[in-house]
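Report on the following structure.
Each chain gets a letter, A, B, C and D, in the order it is written, and its residues are counted from 1.
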Amino acid sequence: MTSPAEADAGSEVVNAGRPQPRRGISLSDAGPPIALVVIFGVFAVLSPDFRTLSNVQNVLDAAAVLAVVTCGISFVLMMGSIDLSAPGIMGASAIAVALLVANNRNDNDFGLFGVAVAVLLGAALGCLSGLALVVLKVPSFMTTLGISAVGLGVATLMFAGVQPNVTDPMLEGWAVERFLGLAHLTWIAVACVLVGVLVQRYSRLGRYAFAIGGAEEVLGLSGVRVAPYKVAVFTMAGAFYGLAGVLVTSQLSAGLVQAGKGYDFSAITAAVVGGTLLTGGRGGILHSAVGVLLVTVLTNGLVQVGVSPYWQGGVQGLIVVAAVAAAVLPQRRRNQVTK
Amino acid sequence: MSAPALTSPAPDAVVPGRPTVGQRLTAFMPVIALVVLLAALTIADPGFLTLSSLTAAVRTSAPLVVLAAGATLVVLCGGIDLSIAALCSLATVFFALWLPDLGGITTVAIIAATGAIGALQGVAHVLFRIPSFIVTLGGMSIFTAVALVISDAGPVRVVDRDATNWLTLYVGGVVPMAFVVALVLVAAVSLVLRLTPLDSWIRATGYSESAARLAGAPVDRVKIAAFTVSGACAGLAAVMLVSRNFSGSPTMADNLLLPAVAAIVVGGTAITGGHGSLWRSLAGALVVTLLRVGLPIVGVPSAYEQILYGAIIVAAVALTLDRSKVLIIK
Amino acid sequence: MTTNLQTQPDPRVPAPAPALEVRGLVKHYPGVKALDGVDLVVRQHEVLGLAGENGAGKSTLLKALVGLVRPDGGEIWVRGEKVRLRSVVDAADHGIGMVFQEQSLVPNLTAAENIVLGSEGPGVRRGIYRWNTMRRLAQEQLDKIGSHIDPLARTDTLSFADRQMVEIAKVLRIEERTSHPPVIILDEPTSVLESKEIETLFTQVRRLREFASVVFVSHRLDEVLDVCDRVAVLRGGRSVGEVPSADAAPAELHRMMIGSTGSDDHYHGAVAERPDEARRPRLVVRGLSGKSFRDVDLDVHAGEIVGIVGVHGSGREDVCRALFGAEPTTAGEVVLDGEKLDLSGTRAACAAGVGYVPAERKTEGMVGPMSVADNMTLTKQQSRCTGPLVRPRKQATLVDRWIERLSIRTPHRGTAIQRLSGGNQQKVVLARWLVAGDVRLLLLDHPTRGLDIGARSEVYRLMRELAGSGVATVLLADSLEEAIGMSDRIIVMSDGRATTEVAAPPGGKPTPLDLVKEMV
Amino acid sequence: MKFTSRHTAALIGVTLAAATLTGCTEEAGGGGGPAAETGACDPADVKLVGQVRNESNPYEAAWLDGGDAFAEQVGLTQERLTYDGDSTRQQEQVSQLLAGDTECLVMNVLPNGDSDTPPIVEGAQEAGAYLVTQWNKPADLNVTDYDTWLSHITYDGVESGKQIGDALAEAIGGSGGIVALQGILDTGAAKDRFAGLEESLAANTDVELLDDQTANFSRAEALEVTKTLLSKHGEDVKGIWAANDDMALGALEALQQAGRDDVAVVGIDAVPDALTAIQDGTMTATVSSDGPWQGGIGLAIGYCVATGELAVEDIADEDRAWYAEQFLIEQDNVADFVSPETDESDFACDNLFSRSQGAMS
């Protein structure tokens, strides 16, 4: 069992994952949305450029890829594991999709099928890290770090020195064509978030991921074999990264090995800022989506108000710490466990 | 944490309290992994196993050993320090900037300063109860920003090399001084831990923070101390890097973060805290260094090098992790 | 006096196959024979009590029955059919389910999910949850045991007793897997329940008998006799006999368990000298207030044991933790031996000579993977140090002395404490406060939770001894009987206030009923 | 855990003993010591090493391929090293490399940043390996102070930054707002190029620099930054100055996504995609830098010295640190650069410095 301290902390949160009348909204749930509104408000006051409609569209478009990555990572974090494989998997799938749809390197023109293969490649790599976790019993921190390196290696192999440029009109269109003012990419990301929410609330996989984060050993005692679900969660996360790699390729019209650079830590940051605990068992896709918006608004707003590029990273780090502190401080108790 | 199915039963009969052969083997796994890797590299390229080549490898590993050793303390307490690399980069800049004014005491000043910065993170962690992952993630970006600003985003040359020259010496003609310093650091910290109550406080904190607190262990102070040492180690690593590169740069050590964490885990220290030691991280850092420099030097092409690196590092952890101490692998 | 199970004639039922039968079960662990040929028969529709001291092999036997432990020899028969149980699922398929001593619920899932966990059946189709079906399934189970919990409430928002109900509801799900009446094993279900909750539980257990067989394990022999039809006793990995509960007395059972004559009246085994009432109290608490308690006044004299009783939510646990600096206070003053006690943290309390034994031994009381020696000296580091340096010799001598003095059964002082039995673990936790010999106030939060009678008696003896040496003790007892038996005075708390004080001198003990009246 | 203390104690003991007994020396374990100034290596014994950041970028991959081509020309193979844009790792690789057999070692190195050059140079000097560096070097580090550091080749970043700045000014009609995408702030190339832009701005007073942000030479980052800058400055943006082509290409994507086709974009490096974009008219200008040639020339210089065909002292001082020839590529001359060719004669020992535009200033 979890210690009472943790259980108490959890009990203050009414989880959203079921059709039950909510018993009031707790602070830790409301914190990130409030922070989002506050930060948005601050930037809107500081910069007239920020509060334009086109910039809001821009923020949403910019959040698309991160949102897809965060969807994947949230399930892993919910289990209490961690996933650093996004850069490698995104790189591999980005190059793969660029080589499979119409491009300048070969005569392939598989269209959507190519996209599917790239997503499957991501899923396969994710599956590998899951398998290494449950079979070799290596902590996910290391398996995903290893898989990230493997993914980058595979991507470099496929890259073979010549940039694959995408000429496929469908894939290029995703980034350019708009629907209701937002790029198709953004709608794809919205769809991913919706799928994520549905998986989290209504699928056994999602609920078990949540349960594994809550009390893994109990599942075993209840006759549930945990390992397949862990592998499945990593596979699903891999698929999300694969899709994110495709989206980056669509945005850049080119397959880049570095397509996923930095997305590992930004996705974790987004998820954590949104209220997902690294110890697992708390948070969810909607939390993470709010976190993604928070991070994106910050990045965009700092440029808009003209903060020096040198300082931007620092200010962002400071605000993330402050946001988490603001969410955590009211719950601070004696003898609380913080890792 | 423990559930009925997972705790071993409580046999009342007296079994010997000494570790079994298997346990001893697990304890030496990091070293075994190191030897195996070295053998494999030698088979791939017989020229790799020369004195000068090994000397270069251990010299290379020194900053990584120091970084990993410091962060190991934080990991033992159950936390994680993601800021070590950025702090180390910042320290290289500080070093280059301060050297003209401070001269010989710059090294001490740097270690003190980074120790203080580490302590600050520790205080933020225990005082505000922010997870260490977040505090140090924030620290990482803040240190990078500060380093960029004060260095004007460029490298700062170190003209006076006397201050760092001692680190480039060789003890007995073969052992690089930097590595000796790293060894002494690991040995000294290990000794201090063994000889004082710190060891049981740290492990108690890592295994079960609430139990440690209710037993009156100074959990908060231990954690702050761990972060302080981690920061100070980042400073020492920075001095080593400067002695090697003759300059400070705001991004110099940034890429050492993941290798350092990998070194800790490859050494067999549990990332969840409690179980592990500094000497394990030393072995882990050597394994990681051999992988980083060895693979390309024996002629593995860059794409395959990454794939191999990923595979070997997972295999190494699979080998070294003492699963009897960690019930649930996350 | 040992009675053979097989030859015991059944007075009531002619002889349908027993629901569950164990023949000559053997299980070895390195260096110890945990089960040495255990025989056991569970008849259909009966509640069988299982009694035995810690280490008698109870938990190994139960684990073998649910497939968590693979026996080295012997047979398990279910309804006249020999079976091999490889996993919890296997056991469930044969209709055997267990409510674990430490609750096995996922705290962040709903009660409904926990109830159907692992056997969702129609609640999940093709991996997709059907919440309404699931709620209905869970409701059916809860109705069976007459519980009124909202199936969609998050488990960690429920009270402990409610969670126990959820556990039972969950175990009853195994009915779905088998057409026969199930066998339900309850391992120490009452150890953390308050008396009212225990009463509810017993009502449910008696209802269970109508459609299931129950194996009931408890350290509280009175309970066992109260709720069970028969009681089987284990000792040293063997079955030593069984008695119909109607004819048995706790003392007889106890004698069977420990293998010699003993007395049930262990509370009063050794009464300490009366504390000197005239002296100034050692601990003076005035107007202590916190999140869940208000204006608590409390005096404890040196050598006195003061019990605090109260129902769940009375705030007594928080008062106890507040005195140790582990729970914030908003007002009030605490004076220990004339000096103001610093309540800012646990360190200060330790330094002032306050000791605390938490209720959650496994997560808060001890550091499982660390050795007995390190656990014992964790708090009073000075006891093993010279200056700032640890002296392994000094530690070894000290620890060995206390291992002997408290007769802690451990292979070695370097053994990880998690490998010890519960009673021995608790003794190590207690010893932690004693090694330095400077403890003045001991706060004991359910110190005997989950311990068997033998271990309990030893803890009681130790408490008496400490009180005798002048330590002031605050006791949150496991049961009212324990509070009454052990305390010199009893404070009743309700709704965060100390409402009544009842004197409990030897010979003038109040009855549980007197206290219950005050508690509600 | 018991034996840990014994272990540490043993370690300390051994180290202290070693330290006190032998004292400290400055000798490295191996290394060849200062090598002969002019080698007399058998051409077959020469070991060629090319080191760049990574093979996942077309320019640097082409560089290594150029090195392979040269190696083949002289009947050798090139060892391809990459360090993933990680300064520390570059140093580690170099020092490991120099710990091996360095007698006839020729290295053609792309230092990750200015600050990475001095240790590489000193290491090579100490081990006696022949070294040619490219792109990054601190201004006050003189090649002529060293024996085995044969040459440093770079392109004049100030000049290229200025050239494309001028081309951009012209493309937007001499007046209007532009934004600049800077490279990795910690590199000389990024700073020089930006300095060039500033020179150009000083000359074209009607062009206004609305904003400058770093996109770290990365296509993906440039995309995001440009999007943000476009929404910030809107129609005021008439041109985008990027410190390399990758960022220019990222900016082009952002413009396409924003539906803007009235913005001129310039970059540097002449990567194939940029040349295509210039051919299509979506990009205005870039400046050539010739990866395959760079990959070959560095090895060629080293090879010639190692085999004794060229003596270090015979290399003129102005050829020890020099700017290589570069061209402004616009739509009218882009066809000439689409398939860069390196001629074997470029690497002949008497023709090594033919592309020099003069000594580095």
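Just so we're on the same page, contacts are C-beta pairs under 8 Å (C-beta built on N, C-alpha and C of every residue); 3 or more make two chains touch, one makes a residue touch a chain.
Model, not experiment: these values are computed from the prediction.
A.B. asks: By CA centroid distance, what chain is farthest from chain A?
C.D. replies: Measuring from the centre of chain A, the most distant chain centre belongs to C.
A.B. asks: How many angstrom between the C-alpha centroids of chain D and chain C?
C.D. replies: Roughly 70 Å, centre to centre.
A.B. asks: Using Cα averages as centroids, what's the distance between chain A and chain B in whole Å?
C.D. replies: Chain A and chain B have C-alpha centres separated by 28 Å.
A.B. asks: Approximately how many whole Å separate the CA-defined centres of chain B and chain D?
C.D. replies: The answer is 32 Å.
A.B. asks: Which integer distance in Å separates the CA centroid of chain A from that of chain D?
C.D. replies: Taking the average C-alpha coordinate of chain A and of chain D, the gap between them is 34 Å.
A.B. asks: Can you list the chain C residues in contact with two or more other chains?
C.D. replies: 100, 102, 104, 326, 346, 363-364, 414 - these are the residues of chain C that touch more than one other chain.
A.B. asks: Can you list the chain D residues in contact with two or more other chains?
C.D. replies: Where chain D meets two or more other chains at a single residue, that happens at 2, 54-55, 185.
A.B. asks: Where does chain B touch two or more other chains at once, residue-wise?
C.D. replies: Residues 1-5, 148, 153, 194, 210, 213-214, 302-303 of chain B touch two or more partner chains.
A.B. asks: Following the definition at the start, I'd like every touching pair of chains, please.
C.D. replies: A-B, A-C, A-D, B-C, B-D
A.B. asks: Enumerate the contact residues on chain B facing chain D in the complex.
C.D. replies: By the definition above, chain B touches chain D via 19, 24, 27, 47-48, 50-57, 59-60, 63, 148, 151, 153-157, 166, 168-175, 177, 180, 183-184, 186-188, 190-191, 194, 241, 244-253, 255-256, 277, 279, 289, 292-294, 296-297, 299, 301-303.
A.B. asks: For chain B, which residues are in contact with chain A within the complex?
C.D. replies: Per the stated touch rule, the residues are 1-6, 78-79, 124-126, 128-135, 137-142, 144-146, 148-149, 153, 209-210, 213-214, 258, 261-262, 265-266, 271-273, 302-311, 313-315, 317-318, 321, 323, 327-330.
A.B. asks: Okay, in this complex, where on chain C does chain B touch?
C.D. replies: 29-32, 34, 54-55, 59-60, 63, 68, 100-102, 104, 187, 324, 326, 346-347, 349-351, 356, 358, 362-370, 374-375, 377-379, 381, 384-385, 388-390, 409, 411-415, 418-421, 424, 432
A.B. asks: For a test of understanding, state which residues of chain A touch chain D in their complex under the given definition.
C.D. replies: 47, 49, 52, 54-55, 57-58, 61-62, 91, 152, 155-156, 159-163, 165, 175-176, 183, 248, 251-254, 256-259, 261, 299-300, 303-304, 306, 309-310
A.B. asks: Using the touch definition up top, name the residues of chain A that touch chain B in the complex.
C.D. replies: Checking each residue of chain A against chain B gives 1-3, 5, 79-82, 84, 88, 132-133, 136-143, 145-154, 156-157, 216-218, 220-221, 265, 268-269, 272, 277-278, 280, 308, 310-318, 320-321, 324-325, 328-329, 332, 335-339.
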